[in-house]
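Letters are used for the chains, namely A, B, C, D and E, taken in the order the chains are written, and counting of residues starts over at 1 for each.
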Amino acid sequence: SCGGGETPTTPTATGAATGAATPAATGAATPDAKPTAAPAASNLTGNVTIDGSSTVAPVSKAVAEDFAKANPGVKVPVGTSGTGGGFKKFCAGDTDISNASRPIKKAEAEDCKKNGVEFVELPIAIDGLTVVVNKENTWAKCLTVAELNTMWSPDSEGKITNWNQIRPDFPSEPLALFGAGADSGTFDYFTEAINKKSKVSRKDFQPSEDDNLTIKGVQGNKGGLGFFGVAYFEENAKTLTAVEIDGGKGCVAPTAENINNGTYAPLSRPLFIYVSKKSLARPEVKAFVDFYFKDIKVVKEVGYIPLPEAALPKILERVSAVKTGSTFMDAPAGVPIAELLAKDLK
Amino acid sequence: MNASDSQSAEKQSVLVAENVNVFYSSNSPAVAGVSLEILKNQITAFIGPSGCGKSTILRCFNRLNDLIEGCRVKGSITFNGIDLYDPKVDAVAVRRHIGMVFQRPNPFPKSIFENIAFGPRINGFKGSKNDMADLVEKSLRSAAIWDEVKDKLNESGLALSGGQQQRLCIARAIAVEPQVILMDEPCSALDPISTLRIEELMQELKQKYTLVIVTHNMQQASRSADMTAFFNTELSDSGKRMGKLVEIDRTSVIFSSPKQTATEEYISGRFG
Amino acid sequence: MSNPEGDSLDIYQRADRNIRESLIGYALLFCACVSVLTTIAIVYVLASETINFFGKVSVGEFLFGKTLNNGQYTCTWSPQFADKNFCVWPTVNGTFIVAILAMLVATPLGLATAIYLTEYASPRISKILRPAIELLAGVPTVVYGYFALTFVTPILAKIIPGLSGFNALSAGLVMGVMIIPTIASVSTDAMTAVPRALREAAYGLGSTKKEVATNVVFPAALSGICAAIILGISRAVGETMIVAIAAGQRPVLTLDPRQTVGTMTAYIAQVAKGDSRVGSVEYQALFAVGMTLFLITLALNIISKQISKRFQETYE
Amino acid sequence: MNNQNLDALGLSEGQSSDSKFDPKLESRQMWGKIFAYFCVFATLLGLIVLAFLIFDVVGDGSSRLNTAMLTQYPSRRPLEAGYRAAILGTFWMLAYVLLLVVPLGVSSAIYLEEYAPKNWFTELIELNIYNLAGIPSIIYGLLGLGLFVRGLYSGRSVIVTGILTITLLILPPVIVISREAIRAVPQSVRQASYGVGATKWQTIRHHVLPAALPGILTAVIISSSRGIGETAPIVVLGAGTVLFDPKASPINFGALFSGRFGDVFTDTLWSNDNFFSVLPYQIYEWVGDAKADFQTLASAGIVVLLVLVLGMNLIAIFLRNKVS
Amino acid sequence: MNASDSQSAEKQSVLVAENVNVFYSSNSPAVAGVSLEILKNQITAFIGPSGCGKSTILRCFNRLNDLIEGCRVKGSITFNGIDLYDPKVDAVAVRRHIGMVFQRPNPFPKSIFENIAFGPRINGFKGSKNDMADLVEKSLRSAAIWDEVKDKLNESGLALSGGQQQRLCIARAIAVEPQVILMDEPCSALDPISTLRIEELMQELKQKYTLVIVTHNMQQASRSADMTAFFNTELSDSGKRMGKLVEIDRTSVIFSSPKQTATEEYISGRFG
């Protein structure tokens, strides 16, 4: 947030941890190890400071929460300054890890270089947005990106107010739009995908920082339409209907599979953490990053789509070999993750 | 009634108290066993040391004590023969007929005109706007303050001097045409000159109204009153302090040859 | 004629005591100055970012909106959108809609409460009731916000067609309840300060209790009551959580209480919780809005203080 | 005795022979009654709403009103989450706020009431305090953000920033109410003290303060209960919602006693990684969470907060009634 | 000094006021041109109508007026020859030597014992705990209240009756061993019986102390005082009201053959 700069997740001991210290930097732990089930107190100490995207923050916070149980001596504050704000601090050497809901930009990478900050780029999950409508809405099963654009474009403000203006065979039903608050990453992303430019949108929709309130709004409004993270939809699937999206290749439902293989476009994107090379040399940071990928299933719990199985080894290799640089920088949308991971770092 | 004078028989009693006891929350009365009569078109003065219950009895006459939580009145008080404490009697109506002037002048923080007009208005004055203006003038004249305020009827009543304020309050009481005006130490907050004016005024008012005044100032009582009642504090059997009426008689009698020694001692300044 | 006593009189100044006494005085003064420093700090913090803000956005646009190239006049508040507009009125509008609704609830109820407590209730009852009512002011506002959103809005939605899920009405009503104690308490003080003598004078003329309350006590306490109402407005204007939770976050110029509105405080809370970068114009807009809010409430407080001061002078 | 008076006293309303006045007693008394009922209703309404509010919240949160909720740290899983960190944060904050507010507030009140000469400067301080008391809490949030978070702690919202912000926030009301308590001490007590040769400070210390103490305590308790219920400034400061180290104190005693003097101030309240969370903010976070279980938890948290805040208010009321 | 009596020359003057003017914030004095002497081991009474400045002058004697913002004193007041308003003089110390008893009894809201012990303690009483207990007892005895309170020294001073409270306040004043005790209408809030007790007490106290009392009650002045000073309000040239000392003389002279007509008028009740 702009406020604190860092909304911290500072896991510490609960005093409940038992068992021997886990060797920290092995990176070869059994993939199935349940960190929550068998907490083992390490004697690592120090801080791992994380800042950046508020979209990614829930994942990092969740990992930090689990990490804390095993590592009572390490504090992991997770701030949410936004991706850009996070990189600014990261490239100034203020933070160890930067959360990002988009790849680093060239200008930011140059900034880092100037300050001697080398980084390891690690995709961690894929974010997909669901567009939802009211249960009683029987007409809008699938919407094209163009139609969504009609709904949300700034030019529609005050003009497009009925479903029958979207498609002539839709019934006459007032259109009630609900969306993420204008100060959230989700909003930026949705507008970029639908209206082609971040933060470009009509303003007469019902904004809310809390997805929960969007859910309530659509539930209570026959002509309601809203959007939020795929995972939140799953929890409310009984009371809401997800719309299929036609991004030019036919109607695609927001399922994990479709998101993973890149067909649910344009409403999906990869999420990252960027780790400073210098920090990675510190045992507590290394332990945390290793833990991150052991604990990576939290991604689903938090509401995102896990990376394709195939991609994971490549990512772990980046960590263990401390491969710095980016392959995602300036990549066009829709390229599968595995492909990008394979490219040369620059 | 204690008055021994034959004259009093001719006079009409407006208010009659019989064996009145007043209680403030506690079970022992603050004032006990008071019986007296207030004669029409006379000035009756209540004197006595502080705390002996003069104000308490006075306020029983227009049921102002009703407003004090826990205050109860036993015994009977009649007004022109009607029992004032009859449940059917409305205290609000009583107070219109038995007006009151207080120790400290207490004009409303409104214009002089409004101060006077307030009473008639709430009591459903029937006249026109002009009638009201006439009534205000008449009341102010009766209170001998018209000449001083006639040019500033729209100014605040609070802008007047203490003595003028007190006369304004008297005018306010007169405006609703009461039969009795009760005055609780009306001059104690005033300077000697204002005091004299009020005393003169009382003499005029008694032509039309019946007056009861409480005063600490024995000179005032002897100068102004026709009748004087002397109250004193006594200890009850249970050791509680309690106000009693010691005697009531024509003022000249009280001040020259009182029957009770307590009265004489008080009058001559041996205590109080 | 004077004849000094045999034993010498120690009535002269003593340095040790004087030093101790004056040190204590200065220490206390220092503490009292903390509040002055607070004000200076508030003004400094708000002003410095506000000045940065006005380096990017003109004062004219902030206050009056702007005329687009096509000659169309617009006044919207959308710092977080790509199409940034910085006309503060929609947030002020939202703030005042909710505040007015709240005052419509709080003023009659608060005053009636005050009248009950001073004129009707026995001292014993009012000693119990007054703090009980003041408890309402002690309830954290996040609780009121939650209550408005999850309890009041659903009920209102059943009665009022076209009610938005977030709306000024429900926030205003609940805020009104929150403000009742402020108004009741300050006006109770004002009415209690009306001398008993005035009431007795009115009773003495044959007034009923209601007439005394409304025709004598109320006007006599009027300036104190005005001060209470203005103080209530100031509370309403500055209230954050109720509006942030229940009234929505969309600043629009509307007079319809069923609509979603965005208040100044809700904007501040929203941006503070959001992702705006330090130094960005939307971040600085936060402080410009804060400054506006500060000045509005300051003005209200000063007016209220002046009025109640005049009132006190009347009765002291 | 005479019929005119019978009419006049309201015994036979309707056929008044009163020439000039028509008091209409019956209708006036009726309106008086209606008005009185309205006033009673208004007074009770607030309390009814309060009852509904409590009823509503307790109903919503009942399934989570257990000790686990108090002892668990926050978690992304609602059923494992609890308010331990927030409660500890609230208590730590309250403790240190009191430590600052009581001396500062009471000293200011004493200065203004007993020492301040009548001049422009005192008047300025007075007006200033009155105005500060009326400034919205969110503005204090901006102050704390600019001064403490961005200034003192270079962008980190640690517990000290919360403590300082809330202290400044509740200082003005504490001063205002304490002043009233001090002013309520009868002048005659002061005069009596001066009369036997006491100095000003002796008078204050031995007579004024003890007599004003219950009032001052009331001021402090009521104001600090407001302080710990404040959400807006904490939101602006950007407090955390996850964890708080309950060991934090202003001094690292472990380091002090084991002689590691360099570490005496690390890992303490003043250190810059002591992030914090407080009850109302944690509630606000969970009220807005999509998971329904979190809303139940939020209601349960509200119950805790209400118990805490209303409990403090009740103590204050009790204190106030005990003296007056 | 106006006293014509030859006796006064023999008596020692403790306090001497010369041409004292007292200002309250405004530029015209509230009391002007007061010159008088207070004689040792005598009771001096100040009488006069309300607002004539009796209290004001009294409070100048122990510099209690210093506490009133904007109050200034011109002229000289000496205490045993020392100028009380000399900048080197500490008002706090003055008050120890010139004690004060107020109109309304004002015990500290503490135990009876603490009420008495406070003064000695802050004035650096050197004795042991037992000495303090003795001092408390002695003071209470001197104020003729010991028997009534000896069993409840730890109870609050506020639990006593008005008259007892006032004697407690006198005991408190005595405990710091002053030379002069100023009393501002010490009996005006008391009932007649308590008043008489205080008056008797004053007679005893004057053996050891010098007393100055303000009273509204002329009977009290004539009963108790050795010397009486009559103050009155006059209009200054600029029309402002201003207190003046009209005359001071032996009480018998003031009450039987005052020199000034204003005094006579006041005494005989023709105004006030």
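As a working rule, contacts are C-beta pairs under 8 Å (C-beta built on N, C-alpha and C of every residue); 3 or more make two chains touch, one makes a residue touch a chain.
Chain identities (UniProt): B, E = Phosphate ABC transporter ATP-binding protein; C = Phosphate transport system permease protein; D = Phosphate transport system permease protein PstA.
Because the structure is predicted, anything quoted here is derived from the model rather than measured.
Separation of subunit A from subunit E in touch steps, taking the shortest path, is 2.
Of all chain pairs, the one linked by the most C-beta contacts is C-D.
Between the two copies, subunit B and subunit E, the C-alpha superposition involves a rotation of 175 degrees in steps of 5.
Distance between chain centres (mean CA atoms), subunit B to subunit D: 50 Å.
Computed from the mean C-alpha positions, the centre of subunit A lies at a distance of 40 Å from the centre of subunit C.
The distance from the centre of subunit B to the centre of subunit E, with each centre set as the mean of the Cα atoms, comes to 36 Å.
Residue positions of subunit B touching 2 or more other chains: 92-94, 96-97, 122-123, 176. Counting partner chains per residue, subunit C has residues 17, 206, 208, 211, 272-273, 278, 286 touching two or more of them. Residue positions of subunit D with contacts to 2 or more other chains are 23, 28-29, 141, 145, 150, 155, 199, 235-236, 238, 287-288. By the touch criterion stated above, subunit A contacts subunit C in their complex at residues 1-3, 5, 53-54, 80-82, 84-85, 88, 154, 181-185, 187, 191, 197-201, 203-209, 213, 216-217, 220-221.
Residues 1-12, 14, 47, 58, 61-62, 64-65, 68, 75, 77-78, 209-213, 215, 228, 232, 235-236, 298, 301-302 of subunit A touch subunit D in their complex. For subunit C in complex with subunit B, the residues that touch the partner chain are 122-123, 195, 197-208, 211, 215-216, 219-220, 314.
Touching subunit E in their complex are the following residues of subunit D: 117-118, 186, 188-199, 202, 206-207, 210-211. Interface residues of subunit C, counted against subunit A in their complex, comprise 76, 78, 80-83, 157, 164-166, 248-250, 252, 260, 270-278, 280, 282-283, 286.
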